[in-house]
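In order of appearance the chains are A, B, C, D, E and F, and numbering begins at 1 in each one.
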Amino acid sequence: MKTQFIPETILYTGDQLCSHWAYEQYDLQGDSIVSFVGPCDVGKEKLVDLADRKRNKIIYSESMLHFIVEHFDLDLEKTIFRQKLLVVILMEKLMNRLHSSVIQRFGDDLFDGDRKLTVSIATLTPVSTKIHAGINISSQNTPVKTRGLIDYGLDPRELAEAVMNQYEVELMQTLMARAKVRGMP
Amino acid sequence: MKTQFIPETILYTGDQLCSHWAYEQYDLQGDSIVSFVGPCDVGKEKLVDLADRKRNKIIYSESMLHFIVEHFDLDLEKTIFRQKLLVVILMEKLMNRLHSSVIQRFGDDLFDGDRKLTVSIATLTPVSTKIHAGINISSQNTPVKTRGLIDYGLDPRELAEAVMNQYEVELMQTLMARAKVRGMP
Amino acid sequence: MKTQFIPETILYTGDQLCSHWAYEQYDLQGDSIVSFVGPCDVGKEKLVDLADRKRNKIIYSESMLHFIVEHFDLDLEKTIFRQKLLVVILMEKLMNRLHSSVIQRFGDDLFDGDRKLTVSIATLTPVSTKIHAGINISSQNTPVKTRGLIDYGLDPRELAEAVMNQYEVELMQTLMARAKVRGMP
Amino acid sequence: MKTQFIPETILYTGDQLCSHWAYEQYDLQGDSIVSFVGPCDVGKEKLVDLADRKRNKIIYSESMLHFIVEHFDLDLEKTIFRQKLLVVILMEKLMNRLHSSVIQRFGDDLFDGDRKLTVSIATLTPVSTKIHAGINISSQNTPVKTRGLIDYGLDPRELAEAVMNQYEVELMQTLMARAKVRGMP
Amino acid sequence: MKTQFIPETILYTGDQLCSHWAYEQYDLQGDSIVSFVGPCDVGKEKLVDLADRKRNKIIYSESMLHFIVEHFDLDLEKTIFRQKLLVVILMEKLMNRLHSSVIQRFGDDLFDGDRKLTVSIATLTPVSTKIHAGINISSQNTPVKTRGLIDYGLDPRELAEAVMNQYEVELMQTLMARAKVRGMP
Amino acid sequence: MKTQFIPETILYTGDQLCSHWAYEQYDLQGDSIVSFVGPCDVGKEKLVDLADRKRNKIIYSESMLHFIVEHFDLDLEKTIFRQKLLVVILMEKLMNRLHSSVIQRFGDDLFDGDRKLTVSIATLTPVSTKIHAGINISSQNTPVKTRGLIDYGLDPRELAEAVMNQYEVELMQTLMARAKVRGMP
């Protein structure tokens, strides 16, 4: 599992969910989690989430902290569990920094009261499964009520590094957990 | 996914991790999550966790709220992700009831400061994968510093029902999430 | 497993084998079996079956009862077994209604003597596996000798509901059968 | 896929569901279907079917035609589909010989009216999945109302060979069907 | 597993890695290994190997012996092991004919000292996994230092038949090996 | 992947094929390859290879270099490919040191003319797959004609380290190879 924070601003368009994006852009070969800051603007035809597409939902944010994960297996159900784990880690890291339980998870989204903090999707490519999770930095001009890291006074990069390190640790624990239990009859 | 709270007190010995326990005892056929209250006393030879066995760790509690989960597939890695999800749900339900972020997750365990609240393991049988998660009700006479539901004034059964319902909902969401995304190139 | 009979006439072209067709058209999310009545006209370039394409086989019927099945896993071999099961259910429901064993199955096709009743294929998409099975309503103007439901005096919708209900029941039984056997040494 | 009819009379006790039975007894290495004639007497502790065990069901027949199938993979769900296919083949071969649709399938059992013809189970071993299907030859002294091949004047061995050949053909078709379809978008 | 040597000269362009190539061109349905002689000229946009594409590596040979393998499952990791096995078989058959250990394998490539003999890749399609392995016949005008079968005085077709037969035997052994071991506790 | 050479002499009895042996004995958690020197004496009832057991084959050597591999997945076919790779690596390392192509592989065994050098088996446990490969150090008093490392003047530990390092490298390459290819249509 390779982790990397990209310091350049990158517009998230959904193209980052294509296979090998991290390899082609940043030479990260194999399973990886990459993070960067940038606006989010996914046109309808780029929407991976067909439920959003049906409802003409707009995914837009002036500035978000993005995570792009790629696992080179084809078990989408397993990657949806990994996606939940990534969102949970994000929630926990926020709560630790805010010393508050105000952040709540509904499915794969985080909320502060009725204000939405995140977007997230998991999908698959011909060779891998991929996750996008984004958390608002700015809460300005969003199509629904939101809050962002600026509202909490949190540093995106510090948060990104903490989330990526924890994600890497948890996946390693998962592999190790598999290797420490005897079978039952 | 079947869910059931068993009102009788049951001693948790590790035998509940055998395959078909819920079917043989409670006629719950198929994937299930069952909950009950009872002491926890797992002898060394019954320990599923070889890391615990190597360190002669004792798993003992006068009274715990137990969850026993069975999924009829053989992907232990996936069930370890489900185990993490179950522990997260337990954490979230505690925080909602306590209006506090004092509960923290380290791997598959929940803590309140340096006091341990839970035990948990995932393993497999010849026909299924299984999870046990237990949260202390009593914090008396435990081998390490603990807290329990009594210390928080929480009702085990109400918590159990909330956790089981949420687990069922999240697994259903997982299946549905798999069915709403288009593949990427 | 969701089941639905669509009362509108729909031209079957092969496009119904694309992923999420039932979700996008009828809001059926997850595994589903959908049935409708309509002509069948699959152009050569739409043929999924490469054996048919090599032999320039034409798939055409003035009116058929169609079944479209989608399972959100990627095990094509398993879905070919499901396809066989669907064709068998269709055979059994016909025999029950005709009180006769005149209908015979050869591979995935049903025949009445040398007259062909059905077409069927199983394939996969990036996110799912899919089945199409169609049984002639009309036996007029077909490229090979056929019989259809009109020839038997059978009501398409009644048959469709019976087949879909039985398919749903059998898949549920399959899940339950997995959960009632102990492993052998 | 190896097929073999064993001409000796063999008592079916459930032990034939152990892994490698065909290899150890008849030197058939790899996937196989074996058939033989003999009584059926499965003691409660040998019952693989926990539903039967719970209901104290007795599996007894003075003489049955037995089929033992072994597939060296661990996907029990897939083998339950194969089991359904085996039972369907048995039904079809009976109907062809009886020129009648009197035989009906309910789940994995065949009936003639209210008389039961067959028993069947699918399970797994540490290295394989296994199927047992048995059809009564004698209908005398059975715990429920039954019919057997004697009642129909059918030759067990001829039927066995036809069933095994058809099973082998259908599994080969399954592999080939997987290799003749293009993927859909 | 079907094996076939195609006596016509065929230009290898990478298109042979598409699914069903052996079926559409040579009517070989199911798992297959096909061999032929011809130049190798893979344009950059046809490169399957993204590492090569990043480095602008040219894959060019005036004449090569090519092997195209297709397996109708979707486990790319397993097919990468099969690819290694194919390259090993090629190495062993060369050494047997040369009575020398001068041929060495580095990863999936064969070398004679600093001269490269082979190219190889494994990838997947929507319905199958595929392998290409090519060994130089001519060593003229190659972008890197190479040796070819002409330099060793070896007959391509004789080598091709030996390699394909051995590949088929080893895959059969693999299936049989799976069926001769008891499980361990 | 953890690799370790154990300097103590250990009698190989087949018990080392049990799950978690490397973890329980040497605290190596997760996938591992362990090597040690010691006699080989596997009683008939410990034989994992049922083909050997049927033929009353004796597995005995006064001194062997042993490799024990454990992978925490349940795909025995894949581990049989890994076993072939391990035996190939052993062959290649021998040839490099002997500057000779005298060593030949037949299936999973290495030979020098008609003298056998190795034994090897792959099997599975409830939680993992395992490989044993052993190469004779002594060729004295073996039940068949053998050669051993002493006959070649090779140092077991040096060979063991080279083999284990190469095995680790090749498995890493396999993971990386999976992550560098685009899918084909």
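Basically, a residue touches a chain if its C-beta (ideal position, glycine included) is under 8 Å from a C-beta of that chain, and two chains touch if they have at least 3 such contacts.
Keep in mind it's a predicted model, so treat the numbers as computed, not measured.
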{"item": "Chain F and chain B - chains in contact with each", "value": "A, D"}
{"item": "Reaching chain D from chain A through chains that touch each other, fewest steps", "value": "2"}
{"item": "Centroid-based (C-alpha) most distant chain relative to chain C", "value": "F"}
{"item": "Distance from chain E to chain B - Cα centre to Cα centre, in angstrom", "value": "50"}
{"item": "Chain C and chain E, separation of their C-alpha mean positions in angstrom", "value": "39"}
{"item": "Residues of chain A touching at least two other chains", "value": "19-20, 23, 29, 50-51, 74, 76, 124-127, 175, 178, 180-183"}
{"item": "Chain contact topology (line, ring, star, complete or other)", "value": "other"}
{"item": "All chain pairs that touch each other", "value": "A-B, A-C, A-E, A-F, B-C, B-D, B-F, C-D, C-E, D-E, D-F, E-F"}
{"item": "Sites on chain F touched by chain E in the complex", "value": "17-19, 48-51, 75-78, 80-82, 84-85, 88, 92, 95-96, 98-101, 104-105, 107-108, 121-126, 130, 170, 173-175, 177-178, 180-185"}
{"item": "Of chain A, residues touching chain F in the complex", "value": "19-20, 23, 29-31, 72, 125-128, 175-176, 178-183"}
{"item": "In the complex, chain F residues that touch chain B", "value": "20, 23-24, 27, 29, 74, 126-127"}
{"item": "Chain A partner contacts - residues on chain E that touch it in the complex", "value": "50-51, 54, 74, 76, 124-126"}
